[in-house]
Amino acid sequence: MTIISATTTLLSRADGSAQVTSSDGTTLIASVSGPMEVRPREEQPLRAYLEVLVRPVVGVAGTRERLLESQLVSCLTPIIRLESYPRTCIQVNIQLLTHSRPIKTSRSSPPPPTILSTALNASILALIDASTALRTTVAATDITINKGRHTVVVDVFSGQLVFVDSEGEFTHEELEEALERGKKEGMVRVDDGGDVMVVDEGGGVGEEIRRVVEEKVQRDLRWKDGK
Amino acid sequence: MTADYTTSFRLSPPTSIHTTSEPTLAHHLPFLTLRNSAPSLSTRLQKILYLLKPLHHPTMSTVLLPGSPVSLPPTNTSVPLRLGPGLTHTPPSTITAHHAGTLTSDTRKNALWIPNLTRRYTPLQNDRVICTILRSSGEAYIVAIPSSNAPAPTTITATLPHLAFPGATKKTRPQLSAGATVYARISLANKHYDPELECVDEATGKAGGLGELKGGMVVGVRCGRDWGPVLRELGKVAEFEVAVGKNGRIWVEGKDRRTTMWVVRRIAECDENTWTVEEMRKKVEATKGDL
Amino acid sequence: MLSISLPSAAPPLPPSSHHRASSDPDGDITMSASADDLDHLPTTLVTPGEPLTTSPQWMRGHGTYLTPPSTITSSVLGHITKTNKLLSVTPLHSRYTPEIGDLVIGRISEVQAKRWKVDIGSHQHAALLLSSINLPGGILRKRTSTDELQIRTFFSEGDLLVAEVQSLFQDGSASLHTRSLKYGKLRNGMLVVVPSAMVPRSKNHTVVLKGGAGAGEVEVVLGVNGFVWIAKKRVVEVKKPEGGVQGMVSITRLEEEASMALYSNENDEVDEATRKEIARVAGVVRVLAREGVRVEEEVLKIGYKIAVEMAEEGDEGLEGERGRRMVERVLGS
Amino acid sequence: MPREELLSPEGLRLDGRRWNNLRTLKLSLRTHPTSSGSALLTSGHTSILCLIHGPSEPSLRSKQQHDRCTITVDLTYAPFSGTDRKRRNRTDKRISELRSVIQRTFSRAVMTHLHPRSEITITLLVLSQDGGVLAGCINAATLALIDAGVPMWGYVAAVTVGWVPGQGGEGEEEGTPVLDVNNAEEGELGVLTLATMGDKGRVILGMLESRVRLEAVEGLMAVAVDSAGKVKDMMDEEVRRHGEAIARAAGVGS
Amino acid sequence: MPKELDPSTNEKNFILESLYAGERLDGRELDAFRPLELEFGEEYGLADVRLGKTRVIARVSAQVVQPFSDRPFDGIFTITTELGPMASPGFEVGRQTEAEVLLARLIEKSIRRSTALDTESLCIVAGQKCWQVRADVHFLNHDGNMVDAACIAVVAALQHFRRPDVSIEGETVTVHSMTERVPVPLSILHVPICEGDGGDEANVVTLIDATLQEEQLRDGDMTVTMNKHGEVCQISKAGGVPLDPIAMHRDMNLAFVKVKEITAFIAKRLKEDEEKRVKRDNLLESKAENER
C-alpha cells in the first residue's frame, strides 16, 4: 500500500489538516485542533486529553468508527507529547470521503484492507501541519500476505514497531515477514551517522510522508528566501 | 512546550545535566539554555554545517521531521547553547526535533531553533501580543489572546491586572470595555497556568507602545513570520501605524479608512500566499493606485 | 458578548403618523413640530410603537425611545408622565423595578460567601450583604469571619424577610439592608404575591388590623414589590432581666436577645381565631388585586371590615362572585 | 384537493370565506393573572395561550448575558390540539425550529438592552390548531408581552397568506392569494407567514415553505403586509380596551 | 468547548464602516459570491463544494428498503447534516445547537420539502420495495454561508449520482451491479439553490454570501431558495432587522439571477465530469481491446 496523493493545510479553521488518498482507494481528510479548552470531566492535570473522532461518508458513526477511533488513540498517544499541553484537549478529526463498504469475503481471500493506515498517515501529517509537539514520526502500511492482512505502524527513523493490527489467517512466519516489510516501507532512509537525511526519489510510505512534509515546510518558509 | 523555553539547563560533564534556575537569562531570551563543554562533540562540526547550509540552497532538502535527531554543534564552553522552538533536549546529550522544519542557527547567540508557520499561538514570556478584553473581574481584566486567522475560537484566556498600566492606581486605572483591543506584553507564561499580561515596561514604568489600540483594524495571520520587511515595503507607499502581535494578529491604522483597507488586504494576501518580500514589492507596485 | 444591535441604536422605523383602529375615540394625532405640541400629547393610554411627540423640547424618559430624527415613541402600554421636560410612560403593569428606599419582601434564593441573593420578584435577584444586616450582639458590631462561616444561621435558602432597598447596582439590581428592627426575618404568618403595580409606594407600609371574634391583631406588611406579608402582630418581647439588675447591662442584653430572636426559625403560637383572620385578610388582598384595586392602608381596612361584615351576614369566603361583591362594596363606601 | 374546492368559481373558500376574509379573531389579555403577562388568542379554530415570565433572574447561569436579557421560548402543542390525538415530541425538529423562529423574532422586537442579565420566558401552548399556528403564536406573544409591561419597539403582527395557483389558461390570472389559511388550505397551498414590526410595514419575519412562483410572492407579500397592519390595529384596539379597564379599576382604588 | 470569539470593537467598527461605504474586506462587491468550486469524486454522488474558505461535502447513496406504509408508491429521501468539530472547533460533538437545527431544517425545506427529487420514481414494487436515497452532508470548514454551500453540494451530488439499475421478474427484484448495467441517474424535478442574505444594522446593507466574520456582525439574515424556473421554494427570515417588503422583493430578484448562474455552473461541471468519465472509459476499453 502506498500513498497516491497527499496535501496539507487545506482547512482554514483547523490548526492542521491533511487529505490523503491511498492506493487501496481510500480518501479521507484529517484535521487537528488544539491545544484547546477541554471539557471539565476530561481534563487531566498533567497532560492533554487526546480525542479522536471518525465520521463515515454515509450514515452516522457506528461500531466500525468507534473501533477505529480507539485504535488511533492507542497509536497516537505515545507519539504526541501530551505532557506539553496540560489541562487541554487535542482533537483529531477524520472525515472519510470514500465509502468502501466491507465486501463479503470468502474464506479463501484475505480480509479487506482497513482505513486505519490511511487514517493514521493523514493524522500524522495533520499533526505535523498543526506543529503539535511530537516525539517522533510514524508511518503505517497495510500488508497482505496470503490470507492475512496486517496494518503495521513503525517509527520512520528507528523502524521500531509502534502498532500492529492483524486479521485473517496467517502463520507466525508470515507475520514476521509482514513486520519486516512494514518496517522497510515505513522507514526513511538515513545515512550511517543517523543525523542527516539524504534525498532519494521513490520509497515507501515513510519516504512519502517525508516528501509531503518537505513540500509543506518549503511552502511555509518560502517567505524567507526573498531576504 | 512553553516551560522548555523558560527553564534553563547547564550541561557540565556530558553525562549529567542538572537544572539551575537562571531567571535573568531565561527572562530575556525565550530559549532553552544548554552549555556543553564536551570536546568530543566537535567532530560533528561538519555535519551541523551541512545541516545549516541548505538554508541558502533551498533545493537541497534538510527538512527535519518530528523525532529527527539533531547533533549538538560545537560550542565554545563560555557561551551556552540555546535551544529554541521545535527542539527538545533529552539528557544527557540528545537533541530531537518535535515539529517539522529546517534547523536554523544564530552563531553569535549560539542558538538553534526550528522556525515554522502555525495557526495556533503558544504564549511565550516577553512576547508582545494583540488581545481582546472579554470582561473585568475583580482586580484584573480577563482577555482573550486569539490565534491565527480571524475570527478563530478563543483558546487562550489571560489576565491583565488593572494595575499593570503605566501610573495606574486603584483610582486611576484605565477603563477598558469588553471588545477593546490591547497591545500587551506577556509577563508570565507557563504551560500549567493561564498567562499574565502587562501594558507597562517594568524597567521604565512607561507604556513603551503598549496599551489600548483604538480604531484601525486587526488582521489575523499565521504565527512565526517576521513581518518587518513586508511592512516596510508597504510603508514606502502608504502612511499607517502598525502593531504586530506574536499571536498572529496585526493592528493597522492608516491615515484614512482607504489606507487601512489597502494595508489590511495586502497583509492578508501576503499571509495567504506566503509571499516573499520581492513578491510583496511587486504587488505593492501593482496596487498602489488604489490608495 | 458583543452585539451589533447597540442599545442606543434606534430601530429602523422612521417617524410616521400612526394608524389606529377607527373605533378609537382618540382619532389620529397630527404630527407637527410646533411649540404647542405639548397640548397634542395623547391624554389617554399609549401603546408600544405609538409616537408621542416630535417636539424637541421634550427629553425622553423611561418607557419611551427615540425614532430618528426626533420622534419620542412609547415602548409600553401605559400613561404619559411629565416631569419638567422629561417625558416618560409609566407601564400599567410590569414586574417590580426597585428604587432606593423601597420596602420589599423577599425570599432567600442563594447563600454565597459574604452575601445572600434574594428573590424580590424583580428582573434580577437582589443582593443582601452580610454587612447590611443586624448582627446579634449589638446593632453596630463589625462583622467577623465567624459570621461568614455562620452565614446560614442568619438566613438560609427559602427564608422570607422584609428589607429596604439600600442602593442600586449599575445594572439596576438592588442591594438590600435590614439594619432596623422594622426589618428582618418574617415569621408567624403567610405570604401573598400580587402584581407590584397593586402596591403603591406610600408613607406607611405596615397596616395593623384589629381582628374580630376574639382574634389577636393582624399585621400586614405591604412590600412595594407586590409581596404582602400577613401575620400575627409582632410583639417585641422585652424579657425582664431576673432580679432587675443595673440599667446599662440590661440594655445591651436586651439588644442581644432581640436580635437573636430576629433570626429564629420557630413560629410562635398563633391561636386558631387569629389564623382564621390572617386567612381572611389574605383573601381580601388577593381579591382587591385581582379586581385591579390598589392595596393601600385605607382600602385594606375597609375591605377587611366589609369581609368581616359579610361573614357575619353568613356570606363567608371570598371566592369568585362573593369577592366581586366585596370589591363593589369597598368601592361604594 | 382540486383547485375548485379550495376556491369555488364564485370565489368562496372551503369555510365560506372570501379570499380576503380573516377568521374571527378573539383576543384577551391578562387571562392568567399569576404570570407576569398572559394572553389568549383564538382565530377560527386555532387557539393559543401565551404566558410570560419575567424579566427575572435567568433559570440557568448560561442564559445570563451581560448586556441584554435573554428571551427563552417554550412551545408546546397540546396532545388534543389536532385531529389526530398524538403527542408531539419536544425534540421534534419542526417545533424546535418554530421555537427558535419566535425566539429570534422577539429578541429583536423586545428592547432587551433594558434588562441586562435577566431572562424573559415566553411560554406558548397551542390548545387547538387549524392553520396559522406560527402567526397565532407571534400575535399571542406580542399581546402577552405588552400585558407584562415589557418594553418593545412596537407591535409584532403576523398573518398567513396562501397562494391558489391559476389554471394557466390564456389571459387568466396567475392565481389568487387567500388570507389567513386554515389547516386544509395550509396542507395544499404555498403559504407565507409574515410578521411586521411597528406601523411602517417592515417585515421582521417571513417564512415560506412550499413552492410559489417569484411573481406570485410579490403579491403574497403585499397582501400579507397590508393585512398584518389590520391585525395590528385589532390588537391595538384590544390592548387599549384592556388597559382602560385596568386603569379604571386602579383609578378608583387610589 | 471553545465557542467562537466575537470580533473586537475595532474590527466591528471598521468592517461596518467599510460596508456602509460599500466595501467588503475581501474586496468583493456587496452582491458577489466568493469563488465557487465544485468537484466530483471517483464514486458517483460525491460533490465537494468550496465557497471561498467554506467547504462542504455531500454524498448521495441509495439502498433498497421497504416503503413507508402510508406512502406505498413513494421512495424515501433523507438528508442528514451534522456540524462536527472539523468545520470549526466551536462546534461541540453530539449536541445539536439551535443554529444546527435551523440549518438542518433550512436544507431540508429547500431540497426535500420542495420535492426536488421525484420520490415516485424511486418506487420499485409498490408497498414492498423502493429506493431509499440519502444525502449525507459533511461540513469541513466553516467560514460563513454554510447553507448555500450545503445546498449546492446536495443538489450537485443528487444530479451526479447514479443508482444501480433494477429489473423485476415476477416477485424477484434484481439489483444489477454498476458494471453489469449502466446505472440510472435520479429524476430531478428542479434544482433549488439557496441564497443567503445578511442584513447589517439600521441603514440595512444587504450582503450576499457572507463570510463568518460578516455573519458574526450581521443584524439579521434572510435565506431564499429558488430554482431556475423562477419558483421560490422557501423563504426564511426569522427576526433580525425589519426589512422593507419592496427591498425584500428586490433581493429575491437578485437571488434569482444568482440562482440561474449557479445552476448553469453546476450543469457545466456535471458535463465536464461526464466527458471525463466517457473519455476514461473509452481509454480503458481500447486498452482492453489492445490487450486482447
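Per-chain residue numbering starts at 1, and chain names A, B, C, D and E are given in the order in which the chains are listed.
Here is the rule we go by: a residue touches a chain if its C-beta (ideal position, glycine included) is under 8 Å from a C-beta of that chain, and two chains touch if they have at least 3 such contacts.
Nothing here was measured: the structure is a model prediction, and the numbers come from that model.
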Shared touching chains for chain A and chain B? E
Look at the interfaces A-E and D-E and say which one is made up of more C-beta pairs in contact. D-E
State which chain is most central when centres are taken as means of Cα atoms. E
Starting from the Cα centroid of chain A, hunt down the chain whose centroid lies farthest away. C
Using CA atom averages as chain centres, what separation in Å is found between chain C and chain D? 34
For chain B and chain E, let me know how many angstrom lie between their CA-based centres, rounded off. 41
Chain centres from averaged Cα atoms put chain B and chain D apart, in whole Å, by 56
Touching at least 2 other chains, the residues of chain B are 152-153, 155, 178-179
Multi-partner residues of chain C (at least 2 other chains): 1-2, 5, 11-13
Shared-interface residues of chain E (touching two or more other chains) are 2, 6-9, 12, 88-89, 241-242
For chain B, which residues are in contact with chain E within the complex? 132, 144, 146, 150-155, 177, 179-181, 213-218, 251, 257, 260-261, 264-265, 268
So in the complex, which bits of chain E are touching chain D? 98, 101-102, 104-105, 108-109, 113-115, 220, 222, 226, 230-245, 248-249, 252-253, 256
Quick one: which bits of chain E touch chain B in the complex? Just the residue numbers, please. 2-15, 17-18, 21, 23, 25-27, 88-90, 212-213, 216
Residue ranges of chain D touching chain E (in the complex, touch as defined): 93-94, 96-97, 100-101, 103-109, 192, 196-198, 201-215, 217-218, 221-222, 225
Contacts from chain D onto chain C in the complex sit at residues 30, 33-34, 36-37, 54-57, 65-69, 108, 111, 113-118, 146-155, 197-200, 202, 229, 232-234, 236-237, 239-240, 243-250, 252-254
